[in-house]
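These are the structures in question, set out in turn.
One chain, subunit A, appears in both complexes that follow, with subunit B as partner in the first and subunit C in the second.
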Partner chain A sequence: MSEMHDEVLEYVIDEYVDEDDDLEVTFDTALISSGIVDSFSMVSLKVFLEKKYKISLPDSEATPEAFDTVNSICDLVTKHLG
Partner chain B sequence: MSYDDKTRQIFATEIEAIKEKGLFKEKRFICSPQDAEIEVEYPEGADHQKVLNFCANNYLGLSSHPDVIAAAHEGLDKRGYGMSSVRFICGTQDIHRELQDKVSEFLGMESTLLFPSCMDANAGVFEAILEAEDVIIADRLIHASLVDGIRLCSAHYDTFKHMDMKHLRKKLELHQDKRTRLIVTDGVFSMDGDLIQLDEVCALAEEYDAMVLVDDSHASGFIGKTGRGVHEHFDVMDKVDLITTTFGKGLGGASGGCVSGRRELVELCRQKARPYLFSNSLAPSIVAGSIKVIDLISKSTERRDTLEWNAKYFREQIVEAGFCVRGDDTPIVPVMLFNAKLANDMARDMYAEGIYVIGFFFPVVPAGAARIRVQLSAAHTKEHIDKAVAAFKKVGEKYGVLGLDKKGIIEKYGM
Partner chain C sequence: MSNIGSYEERLQGFDWSIAKEVLDWQEGELLNIGAMCSDRICDRGHADKTALIWEGFGDQKKRYSFADLRAYSNGFAKLLQDQGLEPGDRVCIFMDKIPSLYISFLGVLKMGGVAQPLFSAFGDDSLEVRLASAGTRAILTTGKHVKKVRKIQDRLPSLEKIIVVEGNPDKLKDGEVFFDVESAERVDKFDCHETGPDSASVLHYTSGTTGQPKGAQHVHSSVWGQALTASWVLDIQEDDIYWCTADPGWVTGTSYGIIGAWALGATQCVLDSGFTTARWYKFIQDNKITIWYSAPTAIRSLMRDGNELVKDYDLSSLRHLCSVGEPLNAEAVVWSEEVFGKPFLDTFWQTETGSMMITNYPGMKVKPGSMGKPFPGITAAVLDLKTFEPHTEPGKVGLIAFRPGWPSMFRTYRNQEDVYRSKFVGAADDATPEQLRHDESLWYVSGDRASVDKDGYYWFVGRDDDVINTGGHLVGPFEIESALIEHEAIAEAAVVGKPDEVNMEVVKAFVTLNPGFEFDDMTELSVMNFIRKSLSPLAMPQEIEVKDKLPKTRSGKILRRYLRALEWGEDVGDLSTLEDD
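Here is the complex of A and B:
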């Protein structure tokens, strides 16, 4: 996996998983459909991705489906990096 | 498009999907005034059952208080049934102004504007005061109405981990490039019954040049030594810029809400908040009843003192019975069961025991955090609470959860 995958995974764990949650999050873990990340706090992830990778993610593409796993998030970012 | 069978089927399918997910809300009818003891028709068509109500927001027990009812009658007689207008055309009476002034004084704020509900206040306040160059930084567990209001406005928004001041600091640092920063939080969180550390929030707001908005709907009238709210509890009465709250919970329980705070911000709501501009005025009887509520609780802290005792007593008793609870010393006591079906089944059995409580589970609360939320009232007597605890013990014993912690319950029932 790429450096981006590691960076996004690290952010997701730091931002959304509490130490006492006893959750293992991997590149494939469902984040939104499983309830780890709710649709409201998903915005923090969007803010992070836009700042970190200097891109702009339109709301129409920053959907719960696109943000559901680290893998799908990285696919979306890669697309916008051109 | 006519509403033909094909169209009907589209919506019927969606309803079926809600049922299949176990999220369908059943109808329950209360056939008595709202109080600690009520008569309920449930399921629909069943004989009325007398139950003790432990799921209302009737924190101060004022929903059916004779003085409040008398004041509402007087309002009806002297100012009529309805205003047939929005506030700014011909919908503002002298009593609307009187209630706004009394709320400002009670909450210690500069100015107040009434809304049809706190849901409306929260839907309108952000769009009225913020622009695209501003940012809202919100606790992740704020009420759904705040979430909706935030999404309706053009300002940027970001979130911080629930109650995590280190994380809030990080987010404030991140957004120093914005014109203004507005920290948004509930005072008491309705699902966990915990209090935001508002003194720490206000200190961070000062350090990072941010404003603070608190939705104190589950606090106004009873949190703080004279019931002013969470800002009184943490001794930051002059540090909070905006409070939104409701007259639909502790403050009488009818309906209506408000935005209270800095003069300019409230004035902008008066000029621009869409739910204020495009929705009818609060009915005179409710305004008059709410004025009486503020008068009653300004004169005496007896009701909030009783509520505080009741909440503390219930919390002690339910923990002693062997249940896990969450939250701080508030009248919201979540009895944690973690598994959704277990919470639902136990709530149903509690109803059979004459105790009206509701199970909450995902998506209302996070997955794996299902609970029965118990809400105390000043109208409850010690006997009511003892009866509720006895029913919890009986039902808890049936399901074998007494004395089990989170791990134990999950091992037995799963997430």
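Here is the complex of A and C:
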């Protein structure tokens, strides 16, 4: 996996997972559809990606499906990095 | 044939006692919402009818009959009693939209407690403010959310009981109680507390322009307004499958996501898996939902995903659609008619009113973008912005106001009678909440602006204060500003709503920085996450603008209205009090 995968995974764990949760989050772990990241909080994840990677993600593409795993998030970011 | 039949005919000689006829309720019966939504339905021969169809993340699915609802809510009521809770105690329900939320709500009411549901996405600061204000004695929560409670429990001396209803019991801390109602002994009989029409039932917190959120206190007789509007506006009938998408942390989720529909003995659906268009359509298809009560933000999100996706699902079961939370734009009404074959009917009400006040009705001509007309028994008016006298000039904007006294009207703001009094135009300085509620010479002012057209339809214009309506949820600027200045980088803050295509408004913050801080992208993100975790994702600013100084009056008060007007491209108004540069 790329450096981006590691950065996104680290951010998700730091910001959305409590320290005492017995939760192993991997690149394939469902984030939105499992409730780890609630749909309201997707906005802050989107802002992180835009600022970190200097991209703009259209709302039409920043869907719960696209944000559901670290892998799918990185696919979306990579697409917009050109 | 709809339940209401003709709106115009219902207006003639209307009396709220018709709600009792609709429920076939006899004088002398127990007036307790918990019992009316479960025991009473069973006693009327519907114990085996499905009360709740629940789906969660993944493939989780559960069904509960009214007999289950009775037994499990009894289980919660008995547990609370056994834990030493007494009638009148505030019991917070702090969990996701899991079955125990709905069932424990009835259980709290059955033992005479006051149910205080709070939105599970609230952070620990938001939770603390509301629990402290309510003097909450017990909280029902889950393993997922109990950590937020633990962070603040030392500062909440009234909070004696923490009860975890889902999760790993081995993870509990000393003093916490684990209770899985479905594994516990089934309690088929419980002697409900003998509540009366004025007994406190539900305490909902709502945000204002100034100060911390206020607790709007409701009572058991609110059920008359909630059940009658559920019947006449939502048109809930015997065989309907009804879905209210609201979270019971907010008033729609209790008035119409629990009380109104279950008092009528209806089958309700709950989906606790966030929002995706495909999942929602599948939920409707799989459960053959007939009545759908949702919110403009959700409807606009569905619109955004286009007309093609709808065709993949059989949504032909839908027969009636309604909307609440913020004004429903005309485009959304027209779109729903195009793709679902019927329009979403807008309904207007608020936490304080407890039930619908101005709405559209089955069979009444819909004017897309209009709020509709006052519910029978509701005397509504638009008051002149300066004189506070009602006016009838078509199209002229004023304050939406109601004559007090409808059944679901809130009885006070908890511990804030002066604020309650301030909501009534013409109230005497020493008037009690009870006097205010019965004084039909007064106007209760809603805080929203509207106009009325020549046909008597109301048209929403906007808030009359600085409260932000984001996705149908009211967010108070003061609460966010107070939290923002807790961040090390922020010196001063002003928060306003800025326009948003889907959510109507989102939070925007203007800030000045403390010396030594620079505002780069990561600092901005840090501030956003700080608010998201301490208050809630809804309160998180989606944009933060750094200023050298904030606009203030000469007396030092930050001029939010000036900043808001700039965001909305509106006239900034009188700036004579603005502090000189």
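The rule is simple: the second predicted complex is superposed on the first by the 82 of 82 C-alpha atoms of A that agree within 3 Å, B and C clash if a C-alpha of one lies under 4 Å from a C-alpha of the other, contacts with A are read in each partner's own complex, and residues count from 1 in each chain.
By our rule, a residue touches a chain if its C-beta (ideal position, glycine included) is under 8 Å from a C-beta of that chain, and two chains touch if they have at least 3 such contacts.
On a predicted model such as this, the values are computed, not experimentally measured, just so you know.
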Requested in this report: Mind working out whether A:34 is in touch with subunit B, subunit C, both or neither, as first, second, both or neither?
Outcome: both
Report task. Once the structures are superposed on A, label A:2 by its partner contacts, choosing first (subunit B), second (subunit C), both or neither. Result -> neither
Query raised in the report: Touching A:43, do we find subunit B (first), subunit C (second), both, or neither?
Result: both
Requested in this report: Considering only the touch criterion stated at the top, classify A:63 as touching first (subunit B), second (subunit C), both, or neither.
Outcome: second
Report summary line: Of subunit B and subunit C, the partner touching more residues of subunit A is C
Query raised in the report: Where on subunit A do the contacts with subunit B and the contacts with subunit C coincide?
Result: 15, 18, 34-35, 38, 40-41, 43-44, 47, 51
Query raised in the report: Which bits of subunit B are touching subunit A when the two form their complex?
Result: 138, 140, 147, 156-159, 161, 171, 174, 362-363, 366-368
Query raised in the report: Okay, in this complex, where on subunit A does subunit B touch?
Result: 15, 18, 34-35, 38, 40-41, 43-44, 47, 51
Query raised in the report: Of all residues in subunit A, which touch subunit C in the complex?
Result: 15, 18, 20, 22, 30, 32-35, 38-41, 43-44, 47-48, 51-52, 59-60, 63-65
Query raised in the report: Of all residues in subunit C, which touch subunit A in the complex?
Result: 57-58, 96, 121, 144, 147, 168, 273-276, 304, 502, 521-522, 524-525, 528-529, 532, 536-538, 540, 542
